[in-house]
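Once you scroll down, you'll see the structures, which are given as structure tokens.
In the two complexes below, chain A is the common chain; its partner is chain B in one and chain C in the other.
The block that comes next holds the complex of A and B.
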């Protein structure tokens, strides 16, 4: 027979282990671990860099394009500023801006997608058609236009890149949420007259978290590329501030003879994107089980 | 039986009357431990061996192993599977690569549970059937291919003309799709076919016709068949001998009549007592507890923890499979002590006084232009169990969902205690929503997998009450105890529970709002028969102790006999018949009800056994 334990026997609330289990499996793949290591290294450079830099990032300390040496490990840039110091200072912006833009895109896109999946009917049609229109617009030109009109400001770039993610994220979340929205536990909550926002947050969102997490990784990668590209083109962070994208732009004139001031920030941006991408891939392989079947690491 | 085991030691070199010999099959999980072990059995030519077992018993694993296939990372690590194929006996486990692919289909073929997902929706029947022939007999001329395909279509009772073969799977009914699945399996005239629950999900009448086809094909073409199912009435309808599995072991093997009439294993006995009978109400006996997972199996006999007869010897050593009477083997230390209790028959219940709580008056429901319910009227009386029966497509599920206000396209026509019920749950009053509760068919779909039971139940409590956390917890635990679950269930996630436990949780969730009416939509159809018995007993107890009124939607008329006071027969959205359970089942008046009952009688277990007994 079943034992009727008293309330005293109940152990304390446990963590939601579905998450923990997914992450644990994901970290079983080598690509996830490599990705996490790379990302962590970039984050350390970006966050701790300003405290380690030997010089002020915008101090003119030497002649332009000095060779790397004992005094300036990576040489100096077009205006005679220490490349290493500018590199150590210049990561923070691209890191926080790309994460913030991806976050904005995820929140907007997931809200629209879940709402469309759950409401069905005309509201769903309107929402998804609006997303299709967004998708059809050439994002980068749109961003350039708005930034030209309103002036290059960091928050504006973040918001615009964030909005540009919305339609893609909305599509993905609509797809996975539609599956969940048709399930019986959602119907049960409706029969109880649970408010719709609560159904979205309580019943649907937790069930699509894992695919959303993968999408988040992909969105960060795209944000890195977009924001770096914008600052290379001079539409993001403005001189004399230090920034990896800006560094590329400022020093590209002497790429042939002094490649380091261009290559170093380019490599760091690429590594950041690669690291996040590897983590997202590991996570997505965990969900789909593809890696398990094919034996990929 | 003994000489077959002799043959097992020096495996099958001679041809003879056997079709399949399985010896000491062992299948292991990737993390170690076995799913299935020590499985040995034979199938003669033209014989159908029924393989029964509940979820997790390893029956499907054994079925697939006959094709040298293991699912989900499991590996076949031991044993021999000899097939008496046209070219001589082969051990399929000794082959791989192209040789194995040739054997699959030609020597042993597989009929899957769900033909809709096994057939390619983008290819015509002709193309799919021809593909099988081309893969195995590449040299065949077009005329010869057509002849072979027509022959197989004849065999399964389908038209073999070009117009029919040009159809696509979605243009066929479920029964026709399954016939195509069978036609495909016998196209190459294999020595053995494996049927994996081929009739689950089909109506009783369709099921009966499919089983007839399988039986006839095995007789005519001398095919040995392994028919895997959880449904004992299917076994009784089709099999010559049956094999009962529990926790990956064979526990009983014998002729269907012997095992049904004189089960020697306590588990087989319990399974048979858990099956409801159509012709009279009986006390359904449920097995306490649930089977252990492969990693948590006890020492000794795996069934011992749930067995009333278990004693020291059972915990000490696993019982070997041994003869208990001629041609009847059992693996139990206490086999002699298992009593064949005749089922305890009960009278049909007296009708409850006609005090309507729920009135349905001319209810119409339409999905777009499709009219599902066309003016359904009846009343549900306080304290009764009203069963709603009908074949798939009769509108019974729609009716049950309309009662709780979960269908779009319903017109008004419901009233509760004389007050009109709005067609949509959200527009009803809080007491109305509270007093009419719904239990879903699949407990695998009705509980949010990302929430603990505490959180799932808490939502219901908080919807209707404003109390502190302590009172919420007490209320939830009270509800769990009512359905026979311990308080520690509170911290489990749905995937940590068995199907029966999930369905109990679902019922506890409904009870939390203190309902008057419980609408149960096929609540046992996703469950094993012994679990079904425990859920039915629970619902009966709740009716008696809590004075609940139950609307019980099902396709299983034997189940209806065991729980209902009155029965409503629904035919294409119209009430065909409504009356006391004994009257409707024993003397149906409406032609549609008569047809339903006729089919149910054909499939009814007890009748079959009785008939087999008479036939010798």
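The block that comes next holds the complex of A and C.
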């Protein structure tokens, strides 16, 4: 623990290369590589899909629930629209919305958590108690409550899902930031009268980046589940837009006889969440002392 | 000292619930788009809106409205549904019962199962069972619960086998307990949603405990391995397991909304979903409040339990 280097050198113990090293170790795990490959594939489908779709996503081109064949590879949906085209168009919204919601949750939560860890005392207590109040309202319930008044708008869903992430992110970042806040280089910066916000941003934040990145991954996974679930229930993305969750909502009535229009988007949503989760797992294994906690690769 | 700590924790729980009520009330009253207009729609005349506002007591000061709402909640008088015109409590009570049944059966299965799986994984760390179970559970952990539900429907009630009903609707006047087959798929879905999280947590807590000094000491004392695991390691890995169980139960409350929807299970989640569809504000407020209270209660129970099993937290 005793650091013999002069205090001036200590902030330099976290150069940019430490970052690259962490990522390299993370990619040493098979789960990280598999997760990255799956996520990349889903991103390609979501981003390039609209350019590859054979039909307009909301064009009524056949009778409802036509069987898959040469003309419509995956058949048609409840209204006679091409399932493949709706799939290819339907990934973009859930991708950007879940990443945006997780980002909002991270910014809010990490700010609160770091502030609480660094200020301690009554401010920390108040901040974390307020977080407990938000924690008592699960994502979907919070969104449903507000959406019932303001209507299901995309930005609203994104902001609300982001807010619902805030307490968990705050807890995690408070935990890791509290460890850093007592370290030598922070005390040294304090002794030099460096402003508090500068210490938070320049000394504490860079040192908790990896655990925050793991949390970011987990938050994206939860956002995907929450946002897709809202669309499945009819309170997320609205018709006639093409969206994976909405596809499940529209076609679940014929799940017994025509499972494909439900299963295909369900599998894509699951793969997206799975891919991001595997990457978060890999990164988290890097932190928790490699094989000690997680065992197998 | 022990009672004082627990008492403080209880007080904190009450304060949290009160703050939640303020939040719910604020969200449903201060936000633009008031209840009367929400019910009547955009085309309503100002006179009609004003009349309904008076009828619902919306013309009173907000503080008065809040206090009368809160007072009602305490006495289980949740007002009248704006849609059915019947008391909200009559509408919610049977749904609450059904959700409680789902919660109890799920936790009765998933808590022991996760504990057993986690212990088995920790004891075979890095070998056969652990490797297979860990890989499966990591994969399962990322998949949203409603998709697990859809896949189960496809596998067990429509395409592959058709042994179970795909939906959990029961004829009116009957309970889910009278139709136990409708419980199987929702319970399975929730168990599969929680198992990966909880069992892996038990696993890592136990592995940490096994490597700790007191376990090493117990071994050096010559205690049989069985006793070392049960008396020392397991006991000390109980704490994170209790906290995580509370979080899981709280999660069932929220996650169950979607699972209930997928199976059309007649519980609180479906009630909430329907109330949002018809903008039945008082039902929404009541359901959200019950969910929040449940969450606070689970965490309170976990905290109290943790204080009891861990002497050093009694401080």
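To be clear about the criterion, the second predicted complex is superposed on the first by the 275 of 297 C-alpha atoms of A that agree within 3 Å, B and C clash if a C-alpha of one lies under 4 Å from a C-alpha of the other, contacts with A are read in each partner's own complex, and residues count from 1 in each chain.
Basically, a residue touches a chain if its C-beta (ideal position, glycine included) is under 8 Å from a C-beta of that chain, and two chains touch if they have at least 3 such contacts.
Bear in mind the structure is a predicted one, so any value in this text is a computation, not a measurement.
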{"item": "First (chain B), second (chain C), both or neither touched by A:233", "value": "second"}
{"item": "Which of chain B and chain C A:181 touches, first, second, both or neither", "value": "neither"}
{"item": "Touched partner set for A:191, first chain B, second chain C, both or neither", "value": "first"}
{"item": "Broader residue contact with chain A after superposition on the shared chain, chain B or chain C", "value": "C"}
{"item": "Touching partner for A:202 - first (chain B), second (chain C), both, neither", "value": "first"}
{"item": "Partner chain(s) touched by A:74 [first = chain B, second = chain C, both, neither]", "value": "neither"}
{"item": "Partner chain(s) touched by A:274 [first = chain B, second = chain C, both, neither]", "value": "second"}
{"item": "Chain B versus chain C as contact partner of A:221, first or second or both or neither", "value": "second"}
{"item": "Chain A residues contacted in one complex by chain B, in the other by chain C", "value": "none"}
{"item": "Chain C residues touching chain A - in the complex, by the definition given at the top", "value": "12, 15-17, 19-20, 23-24, 27-28, 31-33, 38, 125-126, 130-131, 134-135, 138-139, 141-147, 150-151, 153-154, 158-159, 166, 204, 207-208, 211, 250-251, 253-255, 257-258, 261-262, 272-273, 275-277, 279, 281, 284, 287-288, 291-292, 295-296"}
{"item": "Chain A residues touching chain B - in the complex, by the definition given at the top", "value": "1-7, 9-11, 13-14, 16-18, 183-185, 187-194, 202-203, 206-207, 209"}
{"item": "Chain A-touching residues of chain B, taken from the complex the two chains share", "value": "288, 404-406, 425-426, 428, 430, 433, 438, 440-442, 445-452, 454, 456, 459-460, 463, 473-474, 477, 481, 484-488, 490-491, 493, 509, 513"}
{"item": "Complex contact set, residues of chain A against chain C", "value": "31, 129-130, 132-141, 144-151, 221, 224-225, 228-229, 232-235, 248, 252, 255-256, 259, 262-263, 266-267, 269-270, 273-278, 281, 291-296"}
